[in-house]
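Following this line, the structures themselves.
In the two complexes that follow, chain A is the common piece, with chain B as its partner first and chain C second.
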Partner chain A sequence: MFNPEIFFQVLVNGLLMGAVYGIAAVGLSLIWGVLGVVNLAHGSFIILAAYIAYVFFSAAGAPPILTSPVAVAIGFAVGYLLYKGVGRRVVSLDPSTSLLFFFGLSLLLSNSILNIWGPDVRGIPWLIQSLELGGTRIPLARLIALVSTIISFLLLYTLLQRTYYGKAIRAVVANRVGAASVGIDVDNVFAISMGIALGITFFSGTMISLVNPFTPSSGDGYLMYSFASVVLGGVGNIIGTLLAGIFMGLVESLVGVYFTQSISPAVAFIILVIVIMVRYRGGR
Partner chain B sequence: MNIRAVSTTLVVAVLVIAVVAGVGVYLVVQQLSTPTVAEKPLVIGFSISISGDFAVPGRKQLEGIELWKDWINSKGGIYVKDQNKYYKVELKYYDDKSSKDEVIRLYEKLINEDKVDILLSPYSSTLALTAAGITEKYGRLMVVVGANSDTIFKQGYKNIVGTYTPASKMLTQAIDILLEKVQNPSVAIIFKDDAFAKSVAEGAKAYAEQKGVNVVAFEMYPRDAKDLSPILTKIKGLNVDAILGGGHYEDEVLLVRQAKELGINVKLMSLLVSPSLPAFYDALKETSEGILAPSHWEPQTKPKITVGPSIDEFMTQFRQKWNSEPSYHSAAAFAAGLYITAAIEKAGTLDNAKLRAAFNDLDITTFYGRLKIDPATGNQVGHELVLLQWQGGQKQVVWPREVATAQLIFPKPSW
Partner chain C sequence: MEAGKQRLKIGLILYVLLLSIAALPPLTGNTALIAYFWSFLQMLALVMSLNFITGFTGYVNFGHIAYYGIGAYTVAYLTTMTRVDPYVFIPAAAITSAALAYLIGRPILRIRGPYFAITTLGLGEAVRVIIVNIPAFNYSEGLPIAAYFTYNVISSYIAMYTTVATLFILTLYLRRTRFGYMLESIREDEDAAESMGVNTAKAKLAAYVLSSACAGVIGGLTAITHVYAHPGFFSITLNVSVLASLLMGGGGTLLGPLVGAGLFFFISDALLIRFPYLHLVIFGAVVMAVTLALPRGLSHLIYRYPKISGKIADA
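Now for the complex of A and B:
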């Protein structure tokens, strides 16, 4: 029996979670698109940001929404310096080297998190409340995460469309050699892209800390969702990636309620495989 | 030969025999009365999750084993009768990173390279089941601690011994409470896709149906789920009296949080493992009010001890050594050590097959509670659970009533 109230709740649930999956994937998409490397440490960076938000909350009672600008700044600095320090040596080598580098980095990060904060589950018990609108419950923390995601995404989008560095980044994505030949400092663009990408990734980590509990090993799951969203939405296509994340959230929610949640990851990944087959048809 | 010569010979012979026997008896008695200390230690081998998903309980379990090692060594070690020697205990362990592949590799290594004397299981049913496959292959005894899926004990394995109450019994007390308080209760059982959680859920379902409780939902969620709103939305319209189930840590905290966000009010909510740790309260604060969970042990219970230290001694020594509070994982791990000690003392040997047989007749009570196995399967049948409830930021024992530290809050306050 179809119940419109439940259906609306299902859509709301899917949208709220999907926005988090989407924003979490944008940084991965950006690095992959601009630098041509897959950041396997992406999940660990997300969780690192969640722990940063946790520290601010437990020490000063600051909710993640206030911490997120700080996390963005830290993320930018980490990304920029990571590229200037090691990243530039890795990016110029073959792809398997960069995969190994980022894999090693993810181990280093997750074990450092484990040693600093211990293995216990952490969560931020801030605003565990909901609005009720005509039988549909809208969790406030998740609503805030959605609104912040939209605002930060629009800022990122404007940055890429309107500013010199945004245009330079897009030029490098379109044609690396061409961009260099018109005087764009590609190396610097790479560093800034990595900074922006980790900035937005750290932002997503604070949003995750706002809505979900986490442990030092939670990053793997988010990496998996992010990876799927990037492939589904298009590498380097940040709008596509965000929408793909929302799509994954909606599919999970619909399948979970109208079939069973135990198969929802399988369904999401079957859709992913179909999309890959259709989009990347033809081969060489 | 004349009679005299014969009798002289006899007397001499008797005297010689008496002297030889006397010296022999003297030597044996002397040896019995002053056993020596073995040059080599008795090595207990295991893998444990220091990192990965099971790191929290894994580390607590390890702390319990380490403390037992110190305790038994301070008592001089374990006496092995057939060698008339006291063995000091040494631990040989590795981090299995909560991974099955690591467990397979490490148990092969512990048995073949390290040649440990007795094996303990890793934490979690999934990993213990994997380890049991290896130890059984070599016919080696493994004392299972930190794992209680009934599946482990249904494989026909001949060399395992359990220390936890079986998973299938973990929610039966919650169902008993419900039956006492509500007429014709209905429940939703939701659980993680995991060997342990599945065993608990299936056991709870069977028990509920046998008692006439209406199980209106029986749903599993994926291991890596980051959103439990689908499964909760599905049961929201069913107006159940109770939600039973869960899995481990991240997912259970999420389950509570999202149940509140979605406004799902029930009279009773019992999870499986996370509420026994203080981190559960820190992550949820007042949202934890009234949430129940079974526990294998709580320090407030006072069993009549036949073996090992008292609860107070255990608590004091644990705090001294680790500067933290023990959990049931730690207590059970310490008790597993006491259980092994009792079996070795009973069997008088380190021979694994004879030790396994010795466990069949053991019935001991440690500070962790009673321990007695079903001889056929090795599953634990003597140990009893208690039920915890978070009340005003305090973890209270509310069931069974004889050991309760606070009155059960029922129904659970609405969110």
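Now for the complex of A and C:
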């Protein structure tokens, strides 16, 4: 039985969650596009940022929206230093070995989180009220997450379009050798992109802490969704990645209501395979 | 003697040593010792079976446990249905895993590089959620089989031992035959291999089906030993441990899986005892360090120190 009211509610929920999934995938897209490596620790970084927001909230009562600039700064520092420390070596490895490196990092991070904060489900009960618009309920926290996601995405986009480093990053995505030959310091661009990418990833983690409960192992799910979004939207294409994330949110919401919530990972997987087959002709 | 042959020789010696030592525990009758060695043989078997696809062709496979779990469920389901001795269904586990690997492998093996790795990362999870939504498989509770046969630790040990011995022969076969060389040419340069007349699509599908069928057998044997098939079989941590062991040891070689699985098993065991909470943190750091220091795996050290390994091989 089709109920338009429920359908509309499902669309709104999908859009609200999708925006967060989209921004969560942008960092993965950027690192993959610029450095050519797949950051398997992406999900663990997202959850680490969610726990940072949790600490600020439980210790000082600071809502995630205020913590997010701090998280961006921490993320940038972590990314920049990670590249300066071992990044050059990791980028030179063959793809399967660099995947394994990031998997090691992911194990280290998610188990450190587990040891520090324990296995319990955490959440941030801030602004749990909802708005009601013509029969559709909009949770305030998710609405705020949507607005801050849009603002931060526009900031990132301007950064990449207008500033010198933004242009240098796009040049490296387009053609690494060409960029180096016109005098761009590719190594430095790598370090800064890694910083920006983890900055935005940490931002998305604070947004996730606002909209969903999380555990130390929640990162795996976000990693899969981010992969699907990046592949669907295009590696290194941040607008495409954001839109693909919104699409994933809509699909998850529809599947959750019309089938069952528990099969949504299988749906993400099927979308991923279809997209890779059709769009990349086998990833060549 | 050139380094590659030395490595093969060291590998042969170590496997013969291992298979002789591993024959001892059942004679002692010490159940704890048998169980400990069984776990090691199981890990080694998984690494050796993954070697066929990831080691030889270079296709990084995060979905190996999908077939391991399918094998476990095949054996457990058929046992609960027919109430016959579960060992009868090990061939069925191999056939089911092989058939599904054929169907799934045909589309996904067209995908290359990191895209393939990520696709397979979703595969295990996708199979798991499908299984826990099927009523016949008892949802997320799984299928216990203890009531249908008399469990015997010795026979489960012998079964895993035989599997390792079979995988050893299969690996030797791949190291020496045209089929193995075809797979290695795919790893080195797939387009070049294709243009030289290698039917790459057929060869990698064959390797994938072989590798998955072996995983199905190991899964089936594990279900018998644990007297239980459950969604925990689809463990991404197990898959990555197997993958990490293979890459640490060195893929596409005979020696690599043994070195990698041995190192992984004994290190993670020692860490687990000493640091029950932090062992995965330390293990993550070890994986990072190994990939940075020895990106081609430990067994590649032979190329770096040919003299020392020459002496080992001659001794």
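What we mean here is this: the second predicted complex is superposed on the first by the 268 of 284 C-alpha atoms of A that agree within 3 Å, B and C clash if a C-alpha of one lies under 4 Å from a C-alpha of the other, contacts with A are read in each partner's own complex, and residues count from 1 in each chain.
The rule we apply is simple: contacts are C-beta pairs under 8 Å (C-beta built on N, C-alpha and C of every residue); 3 or more make two chains touch, one makes a residue touch a chain.
This structure is a prediction, so every number in the text was calculated from the model and none was measured.
Asks: Chain B versus chain C on the shared chain A, clash or fit?
Replies: Taken together on chain A, chain C would clash with chain B, as the superposition shows.
Asks: In the overlay, answer first, second, both or neither for which of chain B and chain C A:M224 touches.
Replies: So A:M224 meets both chain B and chain C here.
Asks: Which partner does A:R137 reach: the first (chain B), the second (chain C), both, or neither?
Replies: After superposing on A, A:R137 lies in contact with chain B but is clear of chain C.
Asks: Would you sort A:P125 into first (chain B), second (chain C), both or neither based on which partner it touches?
Replies: Once the two structures are laid over each other on A, A:P125 reaches chain B alone.
Asks: Touch test for A:A268: chain B only (first), chain C only (second), both, or neither?
Replies: Second partner only.
Asks: Which of the two partners, first being chain B and second being chain C, lies in contact with A:P216: first, second, both, or neither?
Replies: In the superposition, A:P216 contacts chain B only.
Asks: Going by the contact rule set out at the top, does A:F2 touch chain B (first), chain C (second), both, or neither?
Replies: Neither chain B nor chain C is touched by A:F2.
Asks: On the A-aligned overlay, A:Y164 touches which partner chain: chain B = first, chain C = second, or both, or neither?
Replies: neither
Asks: Counting only touches as set out at the top, which of chain B and chain C does A:N13 meet: first, second, both, neither?
Replies: A:N13 contacts chain B only, not chain C.
Asks: Just to be sure I read the superposition right, which of the two partners does A:R89 touch: chain B = first, chain C = second, or both, or neither?
Replies: second
Asks: Just one of 26-34, 98-106, 278-286 or 296-304 in chain C hits chain B in the overlay; which is it?
Replies: The superposed arrangement places chain C into chain B at 26-34.
Asks: Just which bits of chain A does chain B share with chain C as contact spots?
Replies: Common to the two interfaces on chain A: residues 111, 220, 224, 260, 262, 265.
Asks: Which residues of chain C touch chain A in the complex?
Replies: The touching residues are 54, 58, 60, 107-108, 110-119, 121-123, 125-126, 129-130, 132-133, 236, 240, 243-244, 247, 277-278, 280-281, 283-288, 291-292, 295-296.
Asks: Spell out the part of chain B that touches chain A in their complex, as residue ranges.
Replies: For chain B paired with chain A, touching residues are 51-53, 55-56, 58-59, 98, 193, 219-222, 224-231, 233-234, 236-237, 249-250, 253-254, 257-258, 260-263, 274, 277, 279-280, 282-287.
Asks: Enumerate the contact residues on chain A facing chain C in the complex.
Replies: 32, 38, 86, 89-90, 93-101, 103-109, 111-112, 115, 220, 224, 227-228, 231, 260, 262-263, 265-266, 268-270, 272-273, 276-277, 280-284
Asks: Applying the document's contact rule, which stretches of chain A touch chain B when the two form their complex?
Replies: 3, 6, 9-10, 13, 17, 21, 111, 114, 118-125, 128-130, 132, 137, 139, 141-142, 212-218, 220-222, 224-225, 249, 252-253, 255-257, 260-262, 264-265
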